[in-house]
Each structure stands twice: as C-alpha cells, then as structure tokens.
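These notes open a run of structures that come right after.
You will see two complexes here that share chain A, one where it goes with chain B and one where it goes with chain C.
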Partner chain A sequence: MDKIGLGVFLAHVLIIVAGGLVTVFARSLVRALTGLIATLFGVAGLYFLMAAPFIGVMQVLIYVGAVSILIFFAIAFTKSSHLGEEARPRKQSQWFFLLSVPGLVIFSLGYLLIKFIPQGFLQPQETQVKDLGGFFLGPYMLPFELISLVLLVAMMGAVILGFEKKIKRED
Partner chain B sequence: MIDLSTIPSPLVQIVIGLIGVLAFVGLNGLVCVYLERKVAGHIQRRPGPFEVGPHGILQPLADAVKLVAKQMITPKGADPILYWAAPLISFAPAIACFLPLPFGPKLQNVSINVGLILILAFSSLNVLALCLAGWSSQNKWSLLGAARDIAQSVAYEIPLLLSLLPIILLTGSLNLAEITQTQGPWPWQWLVVKQPLAFIIFFVCVFAETNRAPFDLPEAESELTAGFHTEYSGMGFGLFFLAEYSYMVVGCALASILFLGGYQGPVASGWWWFLLKVYALLLVMMWVRWTYPRVRFDQLLNLAWKWFIPLSLLNILITALVVKL
Partner chain C sequence: MNYLLYYHLVALFLMVVGLAGIIWRRTLIGLLICVELLLNGAGLAIMASAKLTPASDFLGQAGTLLVMGLAAAEATILLALILVVFKRFGKVEVDKINILRG
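For the complex of A and B:
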C-alpha cells in the first residue's frame, strides 16, 4: 500500500471511529444519528478504497440516503430532551458493559483477522457490475431470493401492523 | 512542501475538475437567479429586475453581495453544530454529483463505472440536510418543512429509481459516458423516443427531488413561511439556494444524458449541445414553477404511488421483454 493510500485509509478510519464515538456519547438523539451517518459514510469510503465503487454508492444510497432518513423520521418527532434518562451520568457497571462488549468483539475479530488473513487483498481489482448481477442470478440465486422473501415478509408485517391500529381506533 | 511530480496524474485531474465544477456552480447560481426572476417577471407580465445594470443583468451580483455581507444568526435554543452543518451537508454532495457528468466527449472529471448510481446516491443526501436544518432550527415551520420533506422523498424516490431501470436495461451500462455513446446525434436516435414514459416520470420526479413547484412542499412559502430554511440568514440561506440550483442542473443534466443524447447534436457535437439541452430543460422547470399551483400532500403521494410506480414497473417489464426477444 502506498503512502497516499495509507493516509486515505487512516482518514476514513478516523471518520468511522469519530462518528461511532459521537453516536455513543452524544446527549441528543439527532446528534447521535448524525454520528451514525458519518460512520456509514466512512464505511462507504472504505468500499471505494477496496475498488468496490458499486457497493460504496449502494451504501450511500441505502444506508445514508434512505435508512438514516427513516430513523430520523422516527426520532425527530419524539421529544428528546437534554434532561431525559439517557442524559444522566452512567453507573460503573454500565461503563463495564459499555466497554466489554465492543472490546470483546474487536479483540476476537482482530485476532481472527490477523491470524487467518487471506493473501492477495492488497491490490484489489474492480468487479464489473455485470459480473455482480451474474453472480446474483447464478451461483448465489438462493440467498438472493431468500433476502427478497425476508424483505417481502417485513413489508407485509409493517402493513398488517398499520392496519391493526386503524381497526382498534374505530372500535 | 508538496512535490507535484509525486502526485499521480488522476489526483491532479480531480483537483482541477473540482475547481472547474465549483466555478461552474457559482456562475450557474448567478445565471439561474437572474433567469428565474426574469422568467417569473415575464410570465406575470412585469419586467422583473431592471435597475442594476442593463436589463437588471447585474442584479444577481448585488444579491450575492447582500447574502455574503449579511450577519449569520443562530436562533436561540437551536442546536448550533447541526444548524450550521446542514447547509454544508446540502451543498457538498451537489459538487460530488457533477464529477461523473460527461459535459463533452473528453470533458468528464471522473470516468466511474457506476456514475449514474453515484449521482442518485449523493443527490438523496439533500433530504438529510433539509431534515437536519428543519429539526435544528427549533421552529415549528422548519420542523413541518422537514417532516414534509421526508414524506416527499418517500413518495418520489422509488419511481425515480424505477424509471431509470429501463435505460440501464437498454444500454447495459451505468457509465454515463457509455450511455451517451449508445445514442446517436439525431433526435430520433435518442432514448426519449424509445422511452417517452420513463422520461416523463423521471422529469417529474426531478421536480420533486429538487423541491421545485409544483412539489415545493418543504418550503411552501405561502403555508410555512419559508419551511426548512425559515431561520437561516446570510450564506446559510445562500448555500441552500446554491445547492437547489446545482441539483436542478444535475437533474436536467441527467435527463439530457440519459434521454436526449447528452453532448451529441446534429451538427458539431460538443459541450455546447450539452449546455443547450440542460438550460432548455431548466427553462422548462422555471416555466412549470410559475404556471402550476402547488400540489397537496396526498396528491403527491397518490401521483407517485398509484400512477408512477405501477407505470414504471410496467415499463420495466415491457422493456425487459423487448430486450430479450
């Protein structure tokens, strides 16, 4: 990896980590969401660095452009005051849980990655979108269709939940 | 000191391109402000700006100086960081959207294979900026504007994306330069002839995407004062304005690349044809703004979900069948 690449990579890591910290420590929910968005954006940048621009722009389109806006819709109209339960100082046991879970994940994942790192990932090659489409409808047909089934079930569930509320209100 | 010889040439290319894009965005802002006010004036049978310079041609410069010189006020109780981040979040992605646009045969900043999706992804960030602006202003008009903006994006995003799928099916590419080259210089070789329905749906969705009348629900000045940017003064408002005009140009540029042959024209293909098509579409957008009244909220949702989504799905189905047969 050349020096520019390393610098860009570190800049992305900085954005991701800073965004994550803002997400966890921000007092206001919307600020936390902004941190989360910064993290998602940084991850999209990492995809670009890995020569996967299609996944990168999809990350921006779906997570930054759609999912986070829906989260915003859910939290912007709740009264998230600065004096709520979330804003109180945390107990020591909470700090322990807060740090232990991510710590465990980071160390186990990092250990596995360093131990079993696959070779030849340092000069990534761009995969054409056409090939990606071919994979989806060829060898990965079943998982692809299963995902669409899951999404369909989720959508139907949302519609049914919405209808139930309407019926209750009429009673 | 930076040694220029160690920087690889693509980087220099991107930097020069970015400077060019910034200059273009600024100039375009001036031209659009003047055009908008003149078009509005003439449609309403009045001369429009007339005092500053011949036919008021220096009016946008005076406006710009006023905006830059104005004091920037943060409202009491507003979230100061998010409040001032919002105009930047609105403006910065607009610049990124210009990078993959092929202005001419050799006038493209970044030849990226997924240019089309890149533009769609970055232009959807504007919704986020408007939400943050509306929420952090601590003003009920602003918050209502933000809520409307989200619901509007739920309405138009799906038909916008669906209307472009037939184009991808026909051209087999997401690279805007390649899509341009699959069309010929003459109007009957342009994709609008094969896909008139997709063109109409896409162009209407661009109106909604750029928050232009008849879909200017988030700002709706007769209902919500100025909607999401009620509280902004000076360049905070100026950046939102500049971003709106930039997104309009990006939308019109996409329409002319995908459906109207891009930079190709019957005689002497080049960037002039591209700019001609883009500004013709921009004039249509202004014309529509001063002709049609604002739609109501449910009307927009009905239009998008009951008409555009089924129609564009049908269009995809028919196009796929025709391509396969």
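For the complex of A and C:
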C-alpha cells in the first residue's frame, strides 16, 4: 500500500515539475499557460492524495476552470504571439538573477526544511465536508465573509477599470 | 519516509519556479502566470502542514480555500489592469512601460 502511494505521489510530482518548467521557459505564452494547467492538475492530485477531496475539487474548479480561462482571455486581448517579446534573447542581468536568486532560496529554505522539519503522519485523516461547512459558518464566519467581500470588490474594480475610455497620448 | 518533507519540497519547487519565472518573463501576462504558481505553492505548503501534523485539519483547509479565493480576486484585478495598460500603451512589456503620466 505504501508503495502504491509513493508511486502516485511521484507521478504527480513529475507532472508538477514538467508543467512548472514549461510554464517558465516556454516561448509561447499559450504553451506556458498549458504548462500552468498541468501543474495545477498535479497539485489538485496531491490534495486528493492528502485526503482532502473537497479542496482538490475546488482547485480544479477555481484554478483550472476560472483563473486559467481569465489568463487565456488576457493573452487573446493583448495579441501575444510566439514571435513576440517572450521569444527575444534575454539580457545578461536576467541570466544573472535567474541563476542567483532561486539558487539562494533553494539552498536556504531547503536547508531549513531538511534540518528542522518534524516527522509527519503517513496517513492523513479524512474529514467530512459537512464539518468543514460548519467550521466556516461557526467560529470562522468573519474570514469567510471577508473573502466574499474581497471577491465582490475585485469584481467591481475589474468592471470599472474595463469601462475606461481610450485616452489620447499627447506627445 | 517523511512525506511532510516531500510535500514541502514540492511546495518549495513551485515557489522557486515562480520566482525564476518572475525574473525570466518579459510581459505582464507571464508575470501573472508565475504569480499563480507561487500562490499554488503557498496553498500546498499550508495544506501539507495541517494535514500531516497534529495541527487543526480544518484550519489548513480553510487557509487553502482563502488562498484560492485571493488568487482568483488577484487574477481578476490583474486582467483588468493588463487590459487598461494595453489600451493606453499598446504593449504589455514590463521594460517598455516606463511613462508615469500615461
């Protein structure tokens, strides 16, 4: 049983790693978005593997269903093509930061992780969605309402920004 | 076999890849995609910390849901902002949008 779990975990990690690398280094933005979708599916699989099926379904619905469609619209509206800016060669400073900053983060945070992380459970307990709903409507009512308020304000702001008229540049 | 460590290493990978993308990408849309990667890593780390340790299970799920909601709101606002920038400047490259009084 443990081996099956490890195999499924490794398969999802493979999807995540491949998708993440495609997301960052693909020339075309549409390909990058496809890599992002693969990564999101892999993370949703990890949520299922952690015995949190509700969060996994929410991940697929919100990220894969909504956010990636939004990004597709952004790509389509701004007419980004695979011959555009993303395909030109990079500056030297970008190469430098690409090799230095993530490496620093990997070594510092990875060292802290390996040194100080406690032993985790092997089998997480599954919880009922009903109890999660009770949790949200009971002691954590305020964050729940606040996140809906944030979503409402974001939606209104997006609509108002979208109505802006074209402004003539005077130069 | 410490699965907690492995989940956190995957979350660390997502964060590092998101950072590398923010450095590497040139257009605002590329940056938006990479910020989504970063937020996903954050959600995965919160979830693993709550599910595989004696911490409260519900808190972790609630935190991950809040991260997802914030990511959705952020993507909406950023899409609107990118559209406004494209209308004003005609391009969405980070290096070339450098006029303050658009």
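The definition used in the following text is that the second predicted complex is superposed on the first by the 134 of 171 C-alpha atoms of A that agree within 3 Å, B and C clash if a C-alpha of one lies under 4 Å from a C-alpha of the other, contacts with A are read in each partner's own complex, and residues count from 1 in each chain.
The definition used in the following text is that contacts are C-beta pairs under 8 Å (C-beta built on N, C-alpha and C of every residue); 3 or more make two chains touch, one makes a residue touch a chain.
Bear in mind that the values here come from a model prediction, so they are computed numbers and not experimental data.
Trainee: Which partner does A:F73 contact after superposing on A: first (chain B), second (chain C), both, neither?
Mentor: After superposing on A, A:F73 lies in contact with both chain B and chain C.
Trainee: Regarding the shared-chain residue A:V24, is it in contact with chain B (first), chain C (second), both, or neither?
Mentor: In the superposition, A:V24 touches chain C alone.
Trainee: In the overlay, answer first, second, both or neither for which of chain B and chain C A:L36 touches.
Mentor: second
Trainee: Applying the touch criterion given at the start, work out whether A:Q128 contacts chain B, chain C, both or neither, answering first, second, both or neither.
Mentor: Once the two structures are laid over each other on A, A:Q128 reaches chain B alone.
Trainee: Which partner does A:M58 reach: the first (chain B), the second (chain C), both, or neither?
Mentor: After superposition on chain A, A:M58 lies in contact with both partners, chain B and chain C.
Trainee: More residues of chain A in touch with chain C or with chain B?
Mentor: After superposing on chain A, more of chain A is contacted by C.
Trainee: So in the superposed three-chain picture, is A:P143 touching just chain B, just chain C, both, or none of them (first/second/both/neither)?
Mentor: It touches chain C, and chain B stays clear.
Trainee: Give one of first, second, both or neither to describe whether A:Y111 is in contact with chain B, with chain C, with both, or with none.
Mentor: In the superposition, A:Y111 touches no partner, neither chain B nor chain C.
Trainee: Shared contact residues on chain A, chain B side and chain C side combined as an intersection?
Mentor: Residues common to the chain A contacts of chain C and of chain B are 54, 58, 66, 70, 73, 77, listed in rising order.
Trainee: Can you list the residues on chain B that touch chain A in the complex?
Mentor: Against chain A, chain B makes touches at 8, 11, 79, 81-82, 85, 112-114, 117-118, 120-122, 124-125, 127-128, 131-132, 135-136, 143, 146-147, 150, 153, 157, 172, 174.
Trainee: Where on chain A is chain B touching in the complex?
Mentor: Checking each residue of chain A against chain B gives 4, 28, 30-31, 34, 37, 53-54, 57-58, 60-61, 64-66, 68-70, 72-73, 76-77, 126, 128-130.
Trainee: Under the touch definition given earlier, write down the residues of chain A that touch chain C in their complex.
Mentor: My answer: residues 2, 6, 9, 13, 16-17, 20-21, 23-25, 29, 32-33, 36, 39-40, 43, 46-47, 50-52, 54-55, 58-59, 62-63, 66-67, 70-71, 73-75, 77-78, 80, 84-86, 88, 90, 94, 97-98, 101-102, 105-106, 109-110, 113-114, 117-122, 124-125, 127, 131-132, 135-136, 140, 143, 147, 150-151, 153-155, 157-159, 161-162, 164, 166-167, 169.
Trainee: Which bits of chain C are touching chain A when the two form their complex?
Mentor: Residues in contact with chain A: 1-10, 12-17, 19-21, 23-27, 29-30, 32-34, 36-37, 40, 43-44, 47-48, 51-53, 57-58, 61-62, 64-66, 68-84, 86-88, 91-93, 102.
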